[in-house]
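Here come two complexes built around chain A, the first alongside chain B, the second alongside chain C.
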Partner chain A sequence: MTAADDTAPGEWERFDTKRRLLRFGLVLVVLGATVASWRALDVRYVYIETAPENIADLFGRMYPPDAAYAGEIVDPMIQTINIAVIGTVLALLLAAPVAYISARNTTPNRATHALGTVIVAGSRSIHSLIWGLVFVIVFGTGVLAGILAVAFRSIGFIAKLLSEEIEEIDAAATEAIRATGGSELDVLIYGILPQIKPALAGISVYRWDINVREATITGFVGAGGIGVELQNSIGAFRWDAVLTILIAILIVVVASESISAYVRRKVR
Partner chain B sequence: MLSVTDLEKVYEGGERALRGVSFEIAANDIVAIIGPSGAGKSTLIECINRLTEPTSGTVQLDGTELTALSSRELRRARREIGMVFQEYALVERLTAMENVLSGRLGYVSSWRAFRRKFPSEDIQRAYATLDRVGLAGHEDDRVDELSGGQRQRVGIARAVLQQPKIILADEPTSSLDPETSRAVLELLTEIAAEEKIPVTINIHEVPLARAHADRIIGLSDGRIVFDGLPDDLDERAMDTIYRNGSTEETGGDDRQPRHFEAQID
Partner chain C sequence: MSTLEYEEYSSEWTRPTVFYNRWVKRLVYLAVAVFIAWNVWAARISAERLQYGIGQVDFLFGAMWPPDFGISVSGGELVTGRRFSRIVEKMLETLAMSIVATVVGVLVSLPVAVMAAENLAPRPVYYVARAIITVTRSIHELIVGIVFVIGFGFGAFAGVLALVSATPGFFAKLLAEDLEDIDQSRLDAIRATGAGPLGVILYGVVPQVLPRMIGLTIYRWDINLRASTILGIVGAGGIGATLNTAFNTYEYDFGAAVLLVIIAVVVVGEVVSSWARGRVQ
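And now, the complex of A and B:
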């Protein structure tokens, strides 16, 4: 049945009755799901009443920030940036082969493609905090756990974007390299690499900037850097120190984001 | 030199691109392969160096049966077959020099290739060849800055740098304007003559083929329907190649089932 069947000439309706009912039903389902979720959570609204008071109280204890403390957090802040740098480089090294086997045009066979997809999905579905917990258990607290947490979280991201770049390269150029008698390795480094190089630079610096933010968090589970300081200050109720750390994180994040944006603008 | 025997190619979809193609090319021959779109010209060229794997038949280059080689041996054999492509097939983000030197990839280690450390004699020959194709001074230009004609000159230089036993050119002029086409084809055939390299060229433009080739092979529907000197390519031969001729070479009862095949594809 089409719209023309149940309307008189000169009238026009976007949807016929059946489809209109279906669309109405879908809206009801979404509304129902929202209400059901809300009720299941059983939110306690009494806390909302006291929230303004608590916010004022918290800010009162935070302000003014502990300026003397600023000198002490320089080292952990630098550590955080270093965790991001090393974590990103490590992730790049690990992600490159994963990207190669994930891209449809370079993967050796269907099994390797599946393996690549699994690695990408696995790395991306586990949050860096969870990776951090795992590595703190395995390697103890400290920067090593932080580096690995950041790296393992980044593998999927980098491999996914790189493999998409590899899939979009000019296949004729790589074919030509093959025709000159070049090996698969020659095809990779002479045909594929130059074509994905701008993307490679862009993705790396973008991931580094994300990793600076990730590395501030992983410290919460003991994986080194500024997060450890933040966790300690919160634990000791030193709210003026917490504010100092938050301001420091804000400055570093804004700086790393502008560096990353600048580099990505330059290489495209 | 190059000898192709009973070459057949059936694509996965069931399309028969080549139906028993046989020919031989002697040293220093410049052979043009002409024929309508879909006649199998590109498939034929790609089957020679096995960029496309032939279904059956043999290809021999200088006594080596290419169709019997392992992938490692095939790579060594491909070093001796230069190829010039329709859309140039250059690595656009690399310079003219880097693209030309890629013709030596089969001879240097991947590690050296990665660092662009080519032997100095290769570099000297690359300079000389770039000079010969009229691109002196453009060595360090990135290929995506060059014009179509210039790009194809880089493509020719890359093939020449391989010092190949044969050059295969797949529609080398079809992305170029008529004037540039003529100049590029002239350059290709002249260099081939100077370097004593036989060339096999797929080409659409029959007048260009007539002007520059020593011999013309006409392909129609996966078969060779003409093989002779440019002067022998008369009106009747053209009919056979391009209009699936009313001549005895492609009989009427032979045509029927093929139409049927085309429809079910």
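And now, the complex of A and C:
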């Protein structure tokens, strides 16, 4: 008999006591936060009880969609697409230099790298609707505010992904251009650009696809697009018209998503 | 005697292209250029408007600065005003909304994820789940929010419902991709012990995707926090309402303060989220 036999026949345990306590504690914290949040929201239970009934009732009022209304939403829908396309193009133009200074291998110095990082973080942490609110104050209601809102929101996203691509390029190509006596601009055009071109196309089309979705809501703050029409219809309780708009949005978004998926498959 | 025949080679180098040939390439570029040009034409942006707006930027920045957080110093003591308590109160509501929406949203999305995994669900179920994912992804959560606000007069509850309704499009979609990559032999092992379908999922599937599940939940919370800060703009609860009111009543200095608080909270949320996800995965 060896000493090992005195201990209980080993039951397999996945974690030791310390880790198990830690896990248990974390679960407890999450549960506590959830309960506290739930109570803070002060949700009336009547709402929850009647919610399914209310939602069913709302769908009843929406159905059937107002088909005659479909003609009227063509123009706002085109506006939505305009906002997404121009917003993306503008964002690309603005994001390119930001990506250049954000990438570690192309940024001139540490200060410019920090500046790039700040621009990326700032643009990404402000939602397009907030950008919309600000630009409506500045430029008044309409498509222009929507375009700028979508563009400013997209700068960070595009610049971040693009700078990651620039960081991964093959340095041999840029060295070769430099060795022939090329200037920094030549390096950019003949050394860097050809290497990131497929990624550039993929990122642009991906962001455009996201922006189509964003452009459906910019209208809520008066920044143009189908959102204006939607808000008016909801405000007037024209629920059958609301359903028409929702279906139209679904079609446009799914279509742009499949275009985006096709292009991204091609450039990969 | 045979004469050597040489094939003729073009001595000119042309750049290789990813397109089928150079004509396709030119056509694609032309089509994209025309599409963009048409968009610019259709949007009809007036130069006057642009000029007017650029003049307004100065005014807006002047009105926003300094931001008024509702904190003042009087007699060497910090005094917090109505505006300060408004920000704190609404920010707590925003935070609470994001937490409740994440928990409920994930619970709702879990079955959808299993249903949307090609290897776990029968065909008809798979298509239903994919349809749910497509619809919830396509309709922006703010649209759902505004419908619920006007339809039922809910406040924060509408916001939570909107976030919950948008969760499957993200959570179920990504989790389903992971579920499709799991190791099948482990499921067979559990099945061989005589376990039913639920047992197979609990002991065969869940342990394989648990880290990913937790990671996605944290990520979703981060997204929900961002969205909660703006749902108030359409009346669906949270600090967005404060921001909207401040701008609509020309209290730009207060609006700037709310905006800065929103940015700070969003950035902190992102840092916490990426740190926690790094620990889990």
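Structural remarks
As a convention for this text, the second predicted complex is superposed on the first by the 238 of 268 C-alpha atoms of A that agree within 3 Å, B and C clash if a C-alpha of one lies under 4 Å from a C-alpha of the other, contacts with A are read in each partner's own complex, and residues count from 1 in each chain.
Quick note on the criterion: contacts are C-beta pairs under 8 Å (C-beta built on N, C-alpha and C of every residue); 3 or more make two chains touch, one makes a residue touch a chain.
All of these numbers come straight from a predicted model, not from anything done at the bench.
By the touch criterion stated above, A:Leu93 is placed in contact with neither chain B nor chain C. Once the two complexes are laid over each other on the shared chain, residue contacts for A:Ala261 go to neither chain B nor chain C. Once the two complexes are laid over each other on the shared chain, residue contacts for A:Ala56 go to neither chain B nor chain C. Ranking chain B and chain C by residues of chain A touched puts C first. In the superposition on chain A, contact is made by A:Ser183 with chain B only, not with chain C. In the superposition on chain A, A:Glu175 makes contact with chain B only, not with chain C. When the two complexes are overlaid on their common chain A, residue A:Gly191 makes contact with chain B while staying clear of chain C. Touched by chain B in one complex and by chain C in the other are residues 198 of chain A.
On the chain A side of its complex with chain C, the touching residues are 30, 33-34, 36-38, 40-41, 43-44, 47, 51, 54, 58, 78-79, 81-83, 85-86, 89, 121-122, 125-127, 129-130, 133-135, 137-140, 142-144, 147, 198, 213-214, 216-217, 220-221, 227, 230-231, 234-235, 237, 242, 246, 249-250, 253-254, 257, 266-267.
Chain C makes touch with chain A in their complex at residues 18, 35-36, 39-40, 42-45, 49-50, 52-53, 56-57, 60, 92-93, 95-97, 99-100, 103, 134-135, 138-140, 142-143, 146-147, 150-152, 154, 156-157, 160-161, 226-227, 229-230, 233-234, 237, 240, 243-244, 247, 259, 262-263, 266-267, 270. Residue ranges of chain A in contact with chain B, taken from their complex: 170, 172-173, 175-183, 185-186, 189-191, 194-195, 197-198. Chain B makes touch with chain A in their complex at residues 49, 51, 75-83, 85, 87-94, 98, 102-106, 110, 113-114, 155, 158, 162.
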